[in-house]
Amino acid sequence: MNKVVPNVEEACKGIESGMTLMLGGFGLCGIPENSIAQLVKMGVNDLTCISNNAGVDDFGLGLLLQGKQIKKMISSYVGENDEFERQMLSGELEVDLIPQGSLAERCRAGGAGIPAFFTPAGFGTEVAEGKEVREFNGKPHILESALTADFAIVKAWKGDTEGNLVFKATARNFNPMMAMAGKITIAEVEELVPAGELDPNFIHTPGIFVQRIFKGEKFEKRIEQRTVRPKN
Amino acid sequence: MNKVVPNVEEACKGIESGMTLMLGGFGLCGIPENSIAQLVKMGVNDLTCISNNAGVDDFGLGLLLQGKQIKKMISSYVGENDEFERQMLSGELEVDLIPQGSLAERCRAGGAGIPAFFTPAGFGTEVAEGKEVREFNGKPHILESALTADFAIVKAWKGDTEGNLVFKATARNFNPMMAMAGKITIAEVEELVPAGELDPNFIHTPGIFVQRIFKGEKFEKRIEQRTVRPKN
Amino acid sequence: MALDKNGIAQRIAQDLRDGWYVNLGIGIPTLVANYIPEGIEVEFQSENGILGMGPFPFEGEEDADLINAGKQTITAMPGAVYFDSATSFAMIRGQHVQLTVLGAMEVADNGDIANWKIPGRMVKGMGGAMDLVASADNIIVAMMHTNKKGESKLLSKCSLPLTGVGCVKKVVTNLAVLEITSDGFKLIERAPGVSVEEIQNATAGRLVVEGEIPEMKLN
Amino acid sequence: MALDKNGIAQRIAQDLRDGWYVNLGIGIPTLVANYIPEGIEVEFQSENGILGMGPFPFEGEEDADLINAGKQTITAMPGAVYFDSATSFAMIRGQHVQLTVLGAMEVADNGDIANWKIPGRMVKGMGGAMDLVASADNIIVAMMHTNKKGESKLLSKCSLPLTGVGCVKKVVTNLAVLEITSDGFKLIERAPGVSVEEIQNATAGRLVVEGEIPEMKLN
């Protein structure tokens, strides 16, 4: 039951052009930066990437966009990225925009064996086009379907050899749901510990959802909007 | 934002005959025993109780059954209870049996604003009677609806003055989902601490789901099946 | 005199009630946090996964793992809690958040809102806005009454793609406080020194003016 | 000689593979944990909220907060994790559990299973059984071939209310190992010393016997 792989190369083995990937993170917070760098190296392309955001020009998924490795993005918000804008407006890049809560819930549903659910989000908007509408408690809802991926790639703070994961602060975001929804889930962690060191009461992602785990070589953890107040 | 009430009497104020209650716990593990004792005292009846189990004859929800305070049980498994059996067979007690996973998910859905979802559980059985069937990925699923309650009553290990909760081991079970699904959620805890003492990374139920919290006076924590191996 | 952005935020803050959980959108809504009335406690939810959001960190204390939905570095208050995105939107969709304040490009007099997309321009996405507007019981829109060209943003029908249908309950602008009723925008308060006429002129949608309209009271 | 309950558990344990997550039902299935083949590691899930379930605690070390789905006091292995019931059934429904072993009152030759209700008798409920059978890719039923009256439990059609439809893949009884195929129960192995004829006599549903049927190999 040892899921540890020695490095990012082993972790990403089997990822091929044309596949659908889920990538955790919100903005640049909690993104699997080591694995993204490896995907650039591998040169896989025609990827469908499910990720709340698309990184910035020179970090995160922006790096895959630079190399035109992404065919389609499924996201809730894709600002802050000039190359993204260029490819989208030129039609090179397909974009499927999904309300953030529906995106999170669709990933969870994919991992939880729930093929579809009703949500009020997006009713009456273009998001609802082609979707079934049904009223519950006097309020219209639309039917949303589950999302899954060939590989889900997540980033955690700590992990153990059984694949159990712990996230830090708001770097948790989409990572737990995506970990559930990958046929194969890869976790890169800042700290890798032996099974039994993490308190079983306080694990965010049970190891059953994780197939491969490795300690990331380097975490830049770039800050997108550095906002501070002066010390006085 | 102080949600602390001094005792179980204050915590249970407003619970009336005819209401729908959710009660956390699996078997006798993680049940809100102080609040159940208070419900017996208050003598409210005609209750609809949503709880995975129905306690044993002289503990847990069994105490409410003894006093004929329950009109209807919504559960997944109700064995181990002679009075329950008597009332059910005589028709005094309505019983709605629900697959355990569907029960958990229906409570979560109720708390998460998802009015309905599809699940494979129960297709082709009497559980599916009268429910919509739809095929996804070549497999039939049934449509299940959300559950909510006038009051949800949960039991946690630790809680803080903001209503944040932490559960211990398998005493977590249904408590977090039910906490989400109560119009008013009451939490009884073994240990009550000031806000800021619980690590914000490791809270199971965020305080937003909890309206009243109190330190339970006494926790018997009865064991239903004491199974051990000899020390040698 | 018409309010500035801080004035709008200050007026909205008067609507806060003790014990509320509040989600503030990007822009003017964010400023509401600076005007919490004395004696009440509210807790801020940011949909990327924190309840109990605090102010920006002191210089040098930024944590890349602790940001808000605007991707800004923040701090956490005592009693804060972190959670995943599914749980975050369970709070929102499940109506556990008592107040949502967000900006808008257009609001219609039936409560429709448009704030995510301008045809022909780069679309950045709706983020959490569609979930927020579709779910919240209590939505206040914070915006200028007119756009940069001087055109009304309070319309009889939105011209831009919708974010949500019939969901806005209240609008606070630089000129007025308005409630959405079945008869349209009902004028509740005027900004200090702003006349009913000015508001009427700046409002393209149906405007209901009944009796004397009081001025906002700002400190 | 027909197997006893431990023999059935032992035979099923041979099907375990390294790294599998396994959910064991109450009764014979529980015994499978005693026969994990050497050199492989499996992790046991109990649907009330633990992964990495260990053996019963030593006397005096029972913890009321740590039980399995049978409400028995248990222990946790290093690397174990606790979770809520929704997450637990997300694992099950989402097919993250590689093997489910459960008992049955009846199994039909199309894979239908009945194990929760006998009309006219007290109904205790299905617990997690309906979720388990509807979701698992890989379900082994562990049961005696016949009931106490000597009647076959392997039928052409279940007479009792169903727990799940067409979901059982394999049945291990005191007499045989059988796989469910479109032609019915396919006989795979015989219990030591049990003849094909005995199995045929004890099987009411369609039985497929092709070629030589080997005996189970148990240590």
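So that you can tell them apart, the chains are marked A, B, C and D in the order they are listed, and the count of residues begins at 1 in each.
Going forward, contacts are C-beta pairs under 8 Å (C-beta built on N, C-alpha and C of every residue); 3 or more make two chains touch, one makes a residue touch a chain.
What you see is a predicted model; the values in this text were computed from it and never measured.
Trainee: How many steps does it take, at the fewest, to get from subunit C to subunit D if each step moves to a chain that touches the one before?
Mentor: 2
Trainee: Hop distance check: subunit B to subunit C, minimum number of steps through touching chains?
Mentor: Contact-graph shortest path, subunit B to subunit C, evaluates to 1.
Trainee: Starting from the Cα centroid of subunit B, hunt down the chain whose centroid lies farthest away.
Mentor: Of all chains, C has its centre farthest from that of subunit B.
Trainee: Whole-Å distance, subunit A centre to subunit B centre, using C-alpha means?
Mentor: Computed value for the inter-centroid distance: 33 Å.
Trainee: Could you work out how far the Cα centre of subunit B sits from that of subunit D, in whole Å?
Mentor: Centre-to-centre distance between subunit B and subunit D: 28 Å.
Trainee: Could you give the separation in Å between the centres of subunit A and subunit D, each centre being the mean of its C-alpha atoms?
Mentor: Chain centres of subunit A and subunit D, defined by C-alpha means, are spaced 36 Å apart.
Trainee: Taking each residue of subunit D in turn, which ones touch at least two of the other chains?
Mentor: Within subunit D, the residues that touch at least two other chains are 50, 76, 82-83, 86, 89, 92-93, 135.
Trainee: At least two other chains touched by the same residue of subunit A: list those residues.
Mentor: Residue numbers touching two or more other chains: 105, 108, 112-114, 119-120, 167-169, 200-201.
Trainee: Can you name every chain pair that touches?
Mentor: Here the touching pairs of chains are A-B, A-C, A-D, B-C, B-D.
Trainee: So in the complex, the part of subunit D that touches subunit B is made up of which residues?
Mentor: 46-50, 55-74, 76, 82-86, 88-89, 92-93, 112, 122-131, 134-135, 161-166
Trainee: Can you tell me which positions in subunit A touch subunit D when the two form their complex?
Mentor: 1, 108, 110-114, 160-162, 164, 180, 194-196, 200-201, 203, 206-209
Trainee: Under the definition above, what is the set of subunit A residues touching subunit C in their complex?
Mentor: 26-30, 52, 75-80, 85, 88-89, 95, 97, 99-105, 107-108, 119-127, 157, 167-177, 204, 221-231
Trainee: Per the contact definition, I'd like the list of subunit B residues that touch subunit A in the complex.
Mentor: Going by the criterion above, the answer is residues 105, 109, 112-120, 134, 136-137, 141, 145, 166-169, 199-202.
Trainee: Using the touch definition up top, name the residues of subunit C that touch subunit B in the complex.
Mentor: Where subunit C meets subunit B, its residues are 18-19, 21, 41-43, 45, 50-52, 76, 78-83, 86-87, 89-97, 135.
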